[in-house]
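Each of the two complexes below includes subunit A, the first together with subunit B, the second together with subunit C.
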Partner chain A sequence: MSVVAHREATTGGFWSRTSLGQKQLIWAWGFLAVPLLFYVVIRFWPTFQAFYLSVTDWTITKPAEFVGLENYKRLFADPLFWQVFRNTFVYLILGTPISLMISFIVAYYLDRVRFMHTFIRALYFLPFLTTAAAMAWVWRWFYQPVPIGVINDVLAGFGIPQQPFLRSTTQALPAVLAPAVWAGLGFQIIIFLAGLRAIPVTYYEAARIDGLSEGAILRKITLPLLKPTLVFLVVFSSIGFLRIFDQVYNINTNDPGGPLNSTKPLVLMIYQTAFSSYEMGYAAAQTVVLFLILLVISLVQLRLMRDR
Partner chain B sequence: MRFRHLIASVALGVATLAASGARAVEIEYWQYVFDTRVKAMNQLIAKFQEANPDIKVKQTTFPYADYQTKVAASILAGQGPDVVQLFYGWTDNFIAGKMIRPLRAEAFPAADIERDFFPIVSAMKRGNDYYGLPTAVRSLALFYNKKAFKDAGLDPNNPPKTLEELIAAAEKTTKRDGSGNITSAGMTLDMTGQDHQWWREVLIRQFGGTPYTENDTKVTYNDEAGLKALTFYTDLQKKHKVGQAGFMDEGQAAFRAGLAAMTIDGTFRLGSFGTIKSFEWGVTELPANAQGVRSNYASYFANAITTKAEGEKLAAAEKFLAYVSSPEAMNIWMEVVGELPARRTAALTPENIAHPIYGPFLKGLEYAHTTLFKDELAQRQVAIDMVNRVLIGNEEPKASLAKAAEAEQAILDRAKR
Partner chain C sequence: MPRVRPGRIIAWTLLFIGGVIMVTPLLFMLSTSLKDASQVYDLRIIPAAPTFDNYIEILSDGRFTRWFVNSMIVAIIVTLSNVFFDSLVGYTLAKFRFRGRYIVFVAILSTLMIPTEMLVLPWYLMASQFGWLDSYWGIMFPGMMTAFGTFLMKQFFEGIPNDFLEAARIDGLNEFAIWWKIAMPLVTPALSALAIFTFLGNWTAFFWPLIVTTSAELYTLPVGLSSFAVEQSIQWEKIMTGASIATLPTLIIFLFLQRYIVRGVMLAGLKG
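== the complex of A and B ==
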């Protein structure tokens, strides 16, 4: 009895002795602890475990044994890794500028359209809501040879020889990239529109009174003030293209990443190593490499595009 | 007073439940989701429980894509099935992971297995021990579109018997548009389907070679026979132009749509082709070579007992495994799923052999081979890439074959470690 009373006195004492600011801090951390704990257990812990796994030869069925940097040596000696590395960067280097360019142009003009503005915006946003798997299957059929491929039927109608698209080592990657770019447009357009709306109208009015041309307004006012939006979208879409997976996997499910690995990105190689060959250690090493690539690219981009 | 009654009845109920629970052994059975397979297994479980009222079998299923990972993860965690279905090609993996146990020789004598089952069941044997038994087996055959044959002036009741006749029939049934594009193929080319099995275990042997030696751990197809087999296959597109890889996306889709006169596929396709309404199709044995040599590729899913089953569960699991590999179970499986019985006596009945559809598949079983894959998907990919290098990359078949042999040997060597 006396113990309980004593304890109540001390806790009550502690709580009454803390200032309002400290109390707020305790509450804030109390609430933050839940998602923090979740992140540590669900996200960060497995991430660190991946680093450990990458120096073992774990295969799910065989217990893990320490093998040092064996997995990394094998990875850098594997020609498939270098091809996949190249592919991943082609997705990035083609995908990011093309998608940003198109979405900016669309957003720039859509911003001026009043007629059916919301409807058009919704139309652009629609593909973003569609499941990547469903979309990839539809495009897969678009790209088929005659008599069922829509694109080749049109080409044949104009007397142009039919194109192999997904059955070509040179055309397959752009063919896979096209639906991926298209699917991401809606999101980027919305963000660009929000960025454009955030620029104060008074700047434009002042510029027009001073007689600046539309081109000059775009260069001197719109683009510089859009920089934060642009930085966000460049980083966001770069990471998206570096991690491209479902589009590639679903457009060619029978030979994922094919033909002859010409469309295989790093993430797909990791997936196949882990879940069809069960070489978990080797897959973890690939994951670590992907992690480092993402880290470096994000840091470089943030630095390059940071405001001075 | 009423409250006491309530307590008493609840206690009685609990006691009865506990008693019946103690009497019935519950074992778990896992397989992947495939409508007809699940249905057939439900029937087998019902029959088994009727005969063994003291055993309850619980069936759990999930998608094929995650199947191996989930089985491995759960057994290693001490949970999961007592009896598990696995592809024969995963056996090494499952044994290495201590997931399945050898069948006790007293319950399943090896001599009986070898006398009663088709020889391909030896793929489940390691040393003197069998690690599982199949209910049903699958083999390949040539499907042909009777309407396409008739339209091309061929006899729909006389399908090609040799490789030469196959090419001749394919040439007659191929249709092209003005610019030479194929609009209806004579023969499907689809390495991602069953063609890699056809090439590996059938064509190579028919051209005088062997795909592997030393229990399929050494690649031996990088020779004259392998080259002839590869050239025969790629010539279907390059020289004879009777088919095109990627036409209609998949070979089976082209055949289903009536846009391919012939395709090679397995027993597992019967259910899907059975729903074709627009034309009549037939099945015939895989074509022989000029000397009359035939071969086939057979595969199966086996049922095995896991290391998790101990004591009375192990005894129950053995009883259940014995039942699902009995002739009765095999006949039910054939009726519901369409796969062939794994026991000779159940399969080779006069009625089955004369059957227009099952007959050709059953004949194939007699001379079929079974590849002991180490990593089926990776080895299949090697074959896909080998053909793509020739068809898309215009590489010489000889160079492409050598690369494939090297890549596949690397996969086999890695698995040995």
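== the complex of A and C ==
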């Protein structure tokens, strides 16, 4: 780019004898110096260290010693890990499709609404701005038995029997997932709306002239053209559900991840291994497994969705 | 086109009802925070006798004010740092040509693949060795720069014509001044998007602050609220007041800046 004739300073000294290209080089590395130091010390070094710690028996009290793949062997032999692994994927498999389906339907219709558009959009978007830790307490209160629990109160009004929600091993996970889906919808709707706006109106006009029905337009024009948006949201929200923690931790503080570990995701297991049991090496191995899961899921999703 | 379209009206009504359901948890939270202990079991949304007693009681004990200030300090400093450094790096990678530029870019981008959870244990080790546990710096240091922000800013700086920068160069501005005075004002929408995301992310952050803080004076609002709620047990009106205090600032900011926030989310989502 930018090597132009530049009025050269006539005075002597190092800086004036330096060519423009060299000056640019010095500026560039000068700008990058502090950030590069940050990335090396706070990102790259800890990444390697996490891999290293995962093959040690580091605890808070004693120094790390190399133990090979012991932590991984122990993890894969631990029934709790497989329970947690399953839970983590249930969060993903329920959370991602449900939230994307709802947010697409809302965005699709909201895109055509002019009357009070901004206001309705705001209603859907507001939960995205909340603090997950705080909202977990609000939902925890909703799930209480009567007379204090709002949901059971409404159910009772319809003559439906009381539900245990957080105290049931089968209902607790969906009950924990609900606030996470709820809080994420606003973001997904906004992104879908942006994607829908980006589709040129002329495409729709041409399709209508050709006599395509609304359903056909949705299938043949809207959805295919929305694919980049969809890929982004699938990957982004999947990563979010695989890393769920704040809601789970706060919604049941007496027994985080309970009852009977039925809501425990991998990040909570990592937290408890590291900061309740202080088995740092073992926890590090779990973080490496989390990293691999995220990597594989993202790559598989990108591959699958790009091909189609 | 005077054709009546009942479909449109039904769609609008359903959307509206859905929207109301979306904010219902927030309304219940606020309404319960305005009830005293005797009214909590009355589940009406509009409190029969609204009172600010819960707020007065909670704010007067000082802890929430402290946590609020902690969260503000942390979120604001981290946001300023990201706005400064992410855009400086993004600009350098977008507008300078030098050997190693591509490697630096790929290296920074590759950190996006590493989940925070994997870095938390080494950060904890680092923080305990350097005495950063239980300090503002300890809460802030992992987030002072982000690859996401750098990438976002690079995308936007690439859209600035080089002529603008050349003109400033000929006028004798140094490279720092060119970035700060010429390039930065041209990307304000991106800067506000980055600022909004960074602030919101740090204001609501729970996992790392929970790990790095041990004394109650240094809790951020989410961590403080969590410990407060545990201690209140079943005093839901107190817990809802705490939750409201943690949630209201971002909701109020949104009411004033809705246009910018929505645009920011769109920008960040599409370019990021």
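As a working rule, the second predicted complex is superposed on the first by the 269 of 308 C-alpha atoms of A that agree within 3 Å, B and C clash if a C-alpha of one lies under 4 Å from a C-alpha of the other, contacts with A are read in each partner's own complex, and residues count from 1 in each chain.
Here, contacts are C-beta pairs under 8 Å (C-beta built on N, C-alpha and C of every residue); 3 or more make two chains touch, one makes a residue touch a chain.
Note that this is a predicted model, so its numbers are computed, not measured.
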*In the superposed arrangement, does A:36 touch subunit B (first), subunit C (second), both or neither?*
second
*Is A:270 touching the first partner subunit B, the second partner subunit C, both, or neither of them?*
second
*Is A:47 contacted by the first partner subunit B, the second partner subunit C, both or neither?*
second
*With the two complexes superposed on chain A, say which partner A:72 touches: subunit B (first), subunit C (second), both, or neither.*
neither
*Regarding the shared-chain residue A:203, is it in contact with subunit B (first), subunit C (second), both, or neither?*
neither
*Answer with first, second, both or neither: which of subunit B and subunit C does A:147 touch in the superposed model?*
both
*Give the label of whichever partner, subunit B or subunit C, reaches more residues of subunit A.*
C
*Go through the superposed model and pick first if A:258 touches only subunit B, second if only subunit C, both, or neither.*
first
_Just to be sure I follow: which residues of subunit A are touched by subunit B in one complex and then by subunit C in the other one?_
141, 147-148, 275
*Residues of subunit C defined as touching subunit A within the complex*: 8, 11-12, 14-16, 18-20, 22-23, 25-26, 28-29, 32, 40-41, 43, 85, 88-89, 91-92, 95-98, 101, 104, 107-108, 111, 113-115, 117-126, 141-142, 144-145, 150, 162, 165-166, 169-170, 172, 174-176, 179, 200, 203-204, 206-207, 210-211, 221-223, 225-226, 229-230, 234, 236, 239-240, 242-243, 246-247, 250-251, 254, 258, 262, 265-266, 269-270
*asked:* Quick check: in the complex, which residue numbers of subunit A touch subunit B?
replied: 60-62, 140-141, 144-148, 156, 161-162, 164, 166-169, 254-255, 258-261, 272, 275-278
_Contact set on subunit A toward subunit C in their complex_ = 1-2, 4, 6-7, 23-25, 27-29, 31-32, 34-36, 38-39, 42-47, 49-50, 53, 106, 109-110, 112-113, 115-116, 118, 120-127, 129-135, 137-139, 141-142, 147-148, 150, 153, 179, 182, 185-187, 190-191, 193-195, 198, 229, 232, 239, 243, 245-246, 249-250, 253, 267, 270-271, 274-275, 280, 283-284, 287-288, 290-291, 294-295, 298
*If you look only at subunit B, which of its residues touch subunit A in the complex?*
68-69, 72-73, 76, 93-94, 96-99, 177, 179, 181-183, 190, 192-193, 244-250, 259, 375, 377-378, 381, 384-385, 388-389, 392-393
